[in-house]
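These are the structures in question, set out in turn.
Two complexes, one shared chain (chain A), two partners (chain B, chain C).
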Partner chain A sequence: MSLLEVRNLEVTFASRGGKLIALRDISFSLEPGERLGIVGESGAGKSVAAFAILNLVSRPGYISGGEILFEGQDLTQLSPQEMRSIRGNRISMIFQDPMMTLNPVLSVGVQMTEVLHAHREINSEEARSRALQTLTRVHISSPEKRFDQYPHELSGGMRQRVVIATALLTESSLIIADEPTTALDVTIQAEIMDLLLELCELNNVGLILITHDLGVISQVTQRAVVMYAGRVVEAGPIRDIVRDAQHPYTQGLIDALPQQTSPGKRLNQIQGVMPSLSNIPKGCPFNPRCPLVMDECRTRVPAYTRIGSMRIACHAAGNTQRRSRPHLELSKA
Partner chain B sequence: MKWATSCVARSFLKTKSSMFAFLSRRLVQAMLVMLVISVIAFSIQDNLGDPLRELVGQSVSEAERQKLRNQMGLNDPFVIQYWRFLKKAVLGDLGTSYFFKRPALDVILDKLPATLELVFGSTVIIILFSVPIGVFAAIYPKQWFLRLVMGMSIIGISIPVFLTAIMSIYIFSVELGWLPSYGRGETVELYGWTVGFLTRDGLLHLILPCTALSSIMLPLFIRLIRAEMMEVLESEYVRFAWAKGLSRRRIWFLHALKNTLLPVITVGGLQIGTLIAFTILTETVFQWPGMGFLFLEAVNRVDTPLIVAYLIVVGLIFVIANTIVDLIYGLVNPTVRLARSYSEGD
Partner chain C sequence: MIAPAWRRFERSYLFYSFRRDQVAIISFTILFIFVLASFSAPLLAPYDPYDPMQIDIMDSEIPPVWMEAGDQRFMLGTDAQGRDLFSTILYGSRISITIGIFAVLLQAFLGISIGLVSGYVGGRLDNFLMRLADIQLSFSTLMVAIIFLAVFQALFGTELYEKLAILMLILVIGIAEWPQYARTVRANVLAEKKKEYVDAVRVIGLGSLRIMFKHILPNTLSPILVISTVQIANAIVSEAALSFLGLGMPVTKPSLGSLINSGFEFIFSGSWWITIIPGIVLVLLVLVMNLLGDFLRDVMNPKLYKD
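Let's look at the complex of A and B:
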């Protein structure tokens, strides 16, 4: 049984001007202990997807369709009470900016042990020692001292360690990390990422890593889902995606990686910007930015095509001709 | 400067010596504030009219008046008069009320309990109502009853206190006859203070004046708490708290409320002054035997020592109240408390 299987997930935002569909037909799955990357530009719907798994899409958004099977149980059918017992207990989340995720007026200890109190019958002594143990596991020095400190007394890296420790307290089987290193100093990004991966591996915890950086995902996850304008445009094993990306958007993302450009040259970029939710183009949402756009792309939403182990939503999928385009020659990574 | 004082405020919990540092720092500040207040208070008395007119009758001749003025030092230069005043004031002598022929400070302090009781009662009403209403209005922004309350709070802000007071007297005392319309009612002597809270009659007499006085602040605080709470509910740390699977109660009333209260405490400290100022109106309408009522009478009688004493006592209350507010702020906000030991590691 898969650890998590998302099937045709749809999230809608009910705004004054009508309903906006933020996520459409999102499907992916994750095996126990597996690492999955969700990649895309800002506004692609990555974070919405992450919050949808925990049924925490902020109002006026709501899940309007699909299933989220977690260990065989459909999370969209659970009562609020049952859902609460999953959050932070079976599925934990790590947010982007550790400066913002910890409550400034509560001590580190309170914010960690409250998770245990919410999900376990545990006295404060035990909760404290559990928290101290976990702080040690994320390599925080003098945990007793940190336990009583407040977030503002810790550096960004240390705060993210605290957040990771909080996620590990309850032995969740899935951790969703939403750009866990983006807000940190470059010097400690790798350190925190390594720590997260190491601890997930050690405890056989499944990890969904959300990032805009395909470079990171290609190094740490086994599979990837590429999102654009609320849809999955390409999904498959990371190796295949990096070597043999079929969707022009994925190819663009790979091209945009700095290592794809020789030093001194301008970095590649995908022309144009992600459309806003209220203004998604007809047909394939990527068509205004696509270098390979055909007439069909402007009228019809592409269905998924399977090529090997990959799933691609592109009318040109499998069309080898386009790979001869000079700026798309890539995939040596 | 503000940062520096708050720095001290937070560290006071850590050690006794920093508590001492905080208090002594605060004391110096308070003395400066009081000095400024005393200058202002003392200098306006020149513009309030001739105290001799009140002291002696029409029949006294101009020559005698001049003699009296010289005797009382009223013809001396301002600085000398002020210095004389200050020397006595430091020793607790704020002059003798022309009208009561008693030390002005004593006259004021006799009326202090009544006014403080009024302010305290109003504060209790404000806290008791604004916190739950503000919080729930933020949590359920679309709930019809809370929307109605929010709408009414706008009206509440715009109605002047004296109108609220007179209307409530008309409705609850004159028409319905439920509540007394003036005075303090029966009071109890407690450690030299007269207390109205302890008798049924005293409590009944408190209801209308306290409600009228709180009516200026209540809508403001409901709206402030609601706005702050709504903002906090959108914050990342509240989202994170949801993602941790905490109960709604814990998220709303611990994670969110504690952060909501920080700016509210700050505003509250500043509003204490406004509340005291409005006691003058409230006390007058309800014939409440407090300092504000006394002050208005003193102004009518050009009883300058009493006016000056009132201003100084009110200034002192304001300074003390704000110090207490700072202490409470330091208790709630850890970033204030521990600013000394900043970020280590990584």
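Let's look at the complex of A and C:
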């Protein structure tokens, strides 16, 4: 049984000008202990997808279709109480900016043990010792001291370690990390990412890593989902995607990586910007920016094509005339 | 336990600004002396104004000591019934301050709960509660209080009213002013609930009540503290105004307002001190509270730096 299986998920936002569909026909799955990357530009719907898995899309948005099977249970059918017993207990989430995700007026210890008190019958003595143990596991020095400190007394990296420790406290089987290192200093980004991966591997925790950086995903995940304007445009094993991207948008993302440009040259970029939800172009949403655009792309939304273990939504998929490009070096972080 | 907390307070920005602000120091000192003196009234006051045995009608309307007809026994003179004015003011401020504090506690309890729910839940409930606040605010506090207290006196008689006067005043002033808190808290909750830490605790699986009271409320505490000081002063003034109109504390158990009222009849016969001295006490009390409120507002609002 898959740990998580999202089938045809659709999220709608009811706005004054009518209904806007923020996510359309999103499907992907995750095995226990597996790592999946969700990539895309800002506005592609990555974070909405993450919140939708926890059934926390905030008003005026709501899940308007599809299923989210977590350990065989459809999360969209659960009562608010049942859903709450899953949040933080079976599925944890890590946010981008640890400055913002920790409450400034409560001490680190209070915020950490809160998860335990919410989901377990546990006295504060036990909760404290569990929290201290976990703080040690995320390599925080002198955990007793940190436990009573306030977020503003810790550095950015230390705060993200606290957040990771909190996510690990309840032995969740799935962690969703929404750009977990973007807000951190470049010097400690790799350190925090390694820590997160190491702990997930150690506890056989599934990880969904949301980022705009295909480079990071290619190094740490096994499979990837590329999103554009609320749709999955390409999905498959990360090796195949990086070596043999079929969708022009994925190719554009790969070309935009700094490693793809020789020093001194301008970085490649995808022309244009992501369309807003209220203004998605007819046909393939990527067509105004696509270098390979055909007449068909402007009229018809492409269906999914399967090539090997990849799934691509592009009329040109499998077309041999695609421009050639150097392969991305795959290296283990 | 207390020592580290005190040390943290000593190093805080609040204490630092307090030490550099002379107005705040003076206001705080005066307020502190007032509160201390009025709450130890039974120890400090030379007479007990509630004890009829100690009151002699022959001592009525004796002016303060520094005047020619003054009497050594009565420092600030006596009122029309022969009560020592100094003792009566001490006991009276105790009643005024008690009513002020408890009325504000009630206001805060109602206003904070309603404001939190209104801001956090939003939508129709928010609309309903805020319109309710608008309606409440469109009646002035005094009007509501006068109608309510007058009806109560008419229905249940003055005897019962005199027994329950303190409780009634607390209830009326407390209920009439909750929208002040509700609006302030709601505005702050609207700003706070968009912050990521709220998402983060929702993701942890906490319930709405826990999120509201444990996570959002502490973040809105500084504006609450600021309006509380001002609201206590307002409540004391409201109580004084009601007592002055004869709807507040009875003359047998006078607050500052009823003392001012009781002396008002005699002001033209020359006994000005019965009205003026409690009046000065009231003004001073309210003034230092407002000054402290201003000080708190300046310190706790980071957007407003004074040089």
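Rule of thumb we're sticking to: the second predicted complex is superposed on the first by the 323 of 333 C-alpha atoms of A that agree within 3 Å, B and C clash if a C-alpha of one lies under 4 Å from a C-alpha of the other, contacts with A are read in each partner's own complex, and residues count from 1 in each chain.
One rule holds in what follows: contacts are C-beta pairs under 8 Å (C-beta built on N, C-alpha and C of every residue); 3 or more make two chains touch, one makes a residue touch a chain.
What you see is a predicted model; the values in this text were computed from it and never measured.
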Superposition on chain A - do chain B and chain C clash or fit: clash
Partner chain(s) touched by A:L54 [first = chain B, second = chain C, both, neither]: both
More chain A residues in contact [chain B versus chain C]: B
Touching partner for A:I63 - first (chain B), second (chain C), both, neither: neither
Partner chain(s) touched by A:S107 [first = chain B, second = chain C, both, neither]: first
Which of chain B and chain C A:S92 touches, first, second, both or neither: both
Touching partner for A:E153 - first (chain B), second (chain C), both, neither: first
Touching partner for A:I188 - first (chain B), second (chain C), both, neither: first
Which of chain B and chain C A:M310 touches, first, second, both or neither: neither
Contacts of A:S141 with chain B and chain C, given as first, second, both or neither: first
Stretch in clash, chain B with chain C, out of 45-53, 261-269 or 297-305: 261-269
Shared chain A surface residues [contacts with chain B and with chain C]: 54, 56, 84-89, 92-93, 95, 97, 100-106, 114-115, 118-119, 163, 166
Residues of chain A that touch chain B when the two form their complex: 54, 56, 58, 84-89, 92-93, 95, 97, 100-107, 114-115, 118-119, 141, 149-150, 152-158, 163, 166, 188
Contact set on chain C toward chain A in their complex: 122-123, 195-197, 199-207, 210, 214-215, 218-219, 221
Complex contact set, residues of chain B against chain A: 234-247, 250, 254-255, 258-259, 262, 332-335, 338, 341-346
Residue ranges of chain A touching chain C (in the complex, touch as defined): 54, 56, 59, 84-89, 92-93, 95-97, 100-106, 114-115, 118-119, 163, 166
